[in-house]
Amino acid sequence: MPTVPILMPQLGESIAEATIIRLGISVGDSVRTDQEIIEVETNKAVMGVTTLCDGVVSEIRALEGVSYSVGTLLGLLDVTEDEIARTGVDTLESLEAKRTAGSHSSNPAQAEANLHFALDDDAYEEAPAVVPSVKGLPVPTGTMGAHYISPRMRARMDDLGIREADISAIAGTGAGGRVTVEDLERFLNYLEAWPNTHASPMRLAVADAMRRSWTRPLATVGLPVNLDRVLNHRRDHSPKPGLTLYLLRAFALALTENPTTAGYLIGDKVVHPRSFDIGVAVQVEDGVVVPVVRKVDQKSLRDLISEYDDLVDRARRRRLTEDDCRGGIATVTNFGTFGLTTGTPIPLPNETLILGIGAGIKKPVWSKEAEVFLPATVADLLLTFDHRVVDGGGAGVLLNRVSALLQTPKAL
Amino acid sequence: MQPFADGVVMNHDFLRSVFHSMLKARILENKLSSLYKAGKIVGGVYLGRGQEAVSATLGTALIQGTDFFAPLIRDQAGRTAFGEPLIDCTRTYLGSALGPMRGRDGNIHRGRPEMGMPAMISHLGAQVPVVAGMLFAKRLQGTLNGRVGATCIGDGATSTGAFHEGLNLAAVEHLPMVVIVGNNQFAYSTPNHRQFACADLVEKARGYGVGGFSVDGTDLLACASVISEAVRRAREGGGPQLVVARLLRLSGHGEHDDGSYVPTEIKSGHYGRDCVEVAMRQLVENGIATVDEILAWQDQFAEEVQRAVAQAQQEAPPDPYQEDWTALSTRFPIPQTCAAQ
Amino acid sequence: MSVTYIDAIREAQEKLLREDPRVFLYGQDIATFGGAFKATKGLAEQFPGRVFDAPISEDAMIGLAVGAAIEGMRPIVEMQFADFSSLAFNQLVNQAATHFYRTGMPIPITVRLPSGGTPGSGPFHSQSMEGIYAQYPGLVVLTPATVSDAYHMLIDGVALDDPVIFCEHKFLYRWLKAQSINGDHLPIGQARIIRPGKHATVVAYSAMVHEAVRAADRLQQDGWEIEVVDLRSVKPLDLDTILASVARTGRLLAVGEAFPWGGVTAEVVSRVCEEGFHLLDAPPQRLNARDTPVPYHPKLWAAHRPTPESICEALRKLLTF
């Protein structure tokens, strides 16, 4: 025999629950259509819960004196098929079918369709107050001139795959010297007449990293360093460590003594190194890659040789994995290998420091002891730093320490 | 139909017809209450219990297809008498997509304006000028003769500006209109003495320059006599008529309300009597119907009501994904060519 | 020979009464007297039994119109002043506006609102109510700015099956003249570019269209070319025309005579931000009346509403952003 549920009705527009005052029925009782079987009390009134068909009480789930929310199953009736057809009431099965048809149907329309008469409507929970996550809009409302890119300009640049750095060549004619869409189109039109090629993915990657890095105030300091002791040490060493490796090791040791200089500023936080992992810039075809040598402070020069050689070799063959290039705290670059004596290296966008070295040149160096000029191999040692994090003083201490460490290569 | 064919002899057919609507409405409303208390109706249920004699008499005195009837909250009996099918009621209360309001409005906020029965809004008194406008249209169309428009309000609505403006306007336009005030002594919970300060609401008729009638709303024979007369006068060119029926609401404002604020003396007083029971006695005592007939009608109407409920309960609710979410009948944009003509 | 804005409204009503037997006019002092602004002058004599003086019952006037519309008529109700339509608010927004959605039967009434300020009219004879009515679903809200639109849009509005709030500007009544009711006749719901330009778009409606055009004339002397969009109908809102204009200019100023909190200009700006953010070179701007009741004294009144000067100032700010 079909089962018909007795539910707690919605007794008033703002009523969420009601208390049972008296259960007028017991299991086994016969009930008639429209009989008031349960007496309930809301904060507005005392009222009866009715049945909508004839039947026999098969189960009572409610207790007197207890409050139940609207829609709660209070009990069950056994009802004949004929009676169900006569009255059109929903059985437990048909209600469940309607409900599951709603909730499991792939058709969201069906799911929503029963919404207002659903058996298991949950009560609404009060939402927690929203805590504003920013103090104001992250919009540079005061920005004027070429630095301001309007939503319209931004949309056009996105269409064309053009970045802010790309429009630096355009003289703006807009308000406050801004570059307008018309300026951009004119410039692109002008460039049409020039020969062009597609930039390689490697080129674009370097361009992107450099563009991002260049958004910070970067400063470069330098001093000459005598390389003779390193070169002598290297000559006698087998296998021969590269010059860059000496630099790498000296840089790591100097950083362990001054770790805050490698801190990375983000918002109002300085993030400090977890491990002295240092990258090495390797020139490859149409770009630069920076594999990272791990825990440089904890390994001797000798131990580092094979790891270093392997990374450089794989870098040149373009066989580095993403992991090989991840997690560095600073980078070393030896542009001396290109015969250059000086330069301004640019740190990676996620690093604060880059240490560079130029080509060693024989120079007369004044010897205090001998009081004569003596020949020495001297190179420019350069440190570029994010001036938001490090100042000239801190950079000087670090650079002098690297220079000093290079005078005692055995200790490396 | 006239209740007293020659002014004296009772028109049995009229009274039996009024009683049918009273009884049918009572049975239907008891069912609505039951559906509400079983959790099948969301929103609210508003009953006309105790006001059936007034409402059904008006509905019976009006002619569907000719007259206009703007029912209000307690006019199930009048709606039935005027010709609204039971299924309109059950579909609207149970949220069937097939009802006249298609789930867009509920309970007593239903109507069929195309058959002369506009759908009420909740704002009291607002239907008074609408009925006036319907009649005004017929005057302009040259088909007003013999037509009546009627609406019902409660004692509370007589305090609104809309009632005042509407009745005054109807009087100014001298429209064939009947406004019945069912003074059931409580506007929700507010008693008469907090609602108006005149001795009797019918005094207002004189102020508006309209006909005024008072009637005991619990007495079918009195209602039949007075309301029919008011309708007749309006129909025959006497201008607006105001009928104040004294009675008591025999339920709460809605079924969420137990009306416990109504003092026992009032409940057990003259107007606390049940107009349906009074009507039964009157029919039997005057030889208009027999007890057996009445019992048979009861069974017949209960079955009709049960069928209308069973049908509406199993009909699909409105589908929010299929709903035409537009409040305008015009589809914009309008093509340029249309406007050029 | 020239035609004023109020002539056009009268002509339109005459044509409607002549050609459509369903049309009748209902309003205070509109019959023999011809209306407070003479918008119905002579019509009662010309069309006996079609033009009626109403009691001072704004709520019942609209209620009557709704009832008449249910029974097949096309009433045109004149509110003596737009300000007084607040007394008819219930019948307008709850009865007329909800009727089609609730019952499926549309209510073809047209309610004429003599709107906007004129010098000396004060707080209760100067209001612009279009934003309030546009907020409610189920109403069409029209704001003609030209003589020709006043004529055609009233005729087209009465032809719509939906309730129409027809906001006619009192300042334009006699001030605005045209050679004739010309043939530029756009459908309701379509905006018009009344003046082309390329540096900024001003979206305006009703009397503010003319103030915007004056402002554009002044800025032209400095080399700025301002495009002016006349909304014509604030609901429905022709977002396509607005966006197309902003796409050309990259800058938007929305000007309205109504109070500044919310309303038509806020709607225009928010829709453009929603759907046309990528078109913008500068934050879109709004210019409305001040957030006080409309003052009586002409000097205060002139500074309360947007003027060519204040529009120019807003535009200069926008153009140099």
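As written, the chain order gives the labels A, B and C, with residue 1 at the start of each chain.
By definition in this document, contacts are C-beta pairs under 8 Å (C-beta built on N, C-alpha and C of every residue); 3 or more make two chains touch, one makes a residue touch a chain.
Every value quoted in this text rests on a predicted model; they were computed, and no experiment measured them.
At the centre of the protein atoms shown, by the Cα-centroid criterion, sits C. Highest C-beta contact pair count among chain pairs: B-C. Relative to the C-alpha centre of chain A, the farthest chain centre belongs to B.
Centre-to-centre separation between chain B and chain C, using Cα means, comes to 40 Å. Mean C-alpha position of chain A lies 66 Å from that of chain B. If you average the Cα atoms of chain A and of chain C, the two centres end up 51 Å apart. Shown for chain A are the residues that touch two or more other chains, of which there are none. Residue numbers of chain C whose C-beta contacts span two or more other chains: none are found.
Those residues of chain C lying in contact with chain B across their complex are 24, 49-50, 54-55, 57-73, 75, 90-91, 94-95, 97-106, 137-138, 140, 152, 156, 160-162, 185-190, 236, 238. Interface residues of chain B, counted against chain C in their complex, comprise 100-102, 104-105, 109, 111-114, 118-119, 121-123, 126-138, 140-141, 161-162, 165-166, 168-169, 172, 326-330, 332-336, 338-340.
Chain A makes touch with chain C in their complex at residues 150-155, 174-176, 180-181. Across the complex, chain A is touched by residues 30-31, 33-40, 42-44, 95, 252, 254-258, 260, 306, 309-314, 316-322 of chain B.
Across the complex, chain A meets chain B through its residues 6-13, 15, 33-34, 36, 42, 44-52, 70-71, 85-90, 108-109, 112-117.
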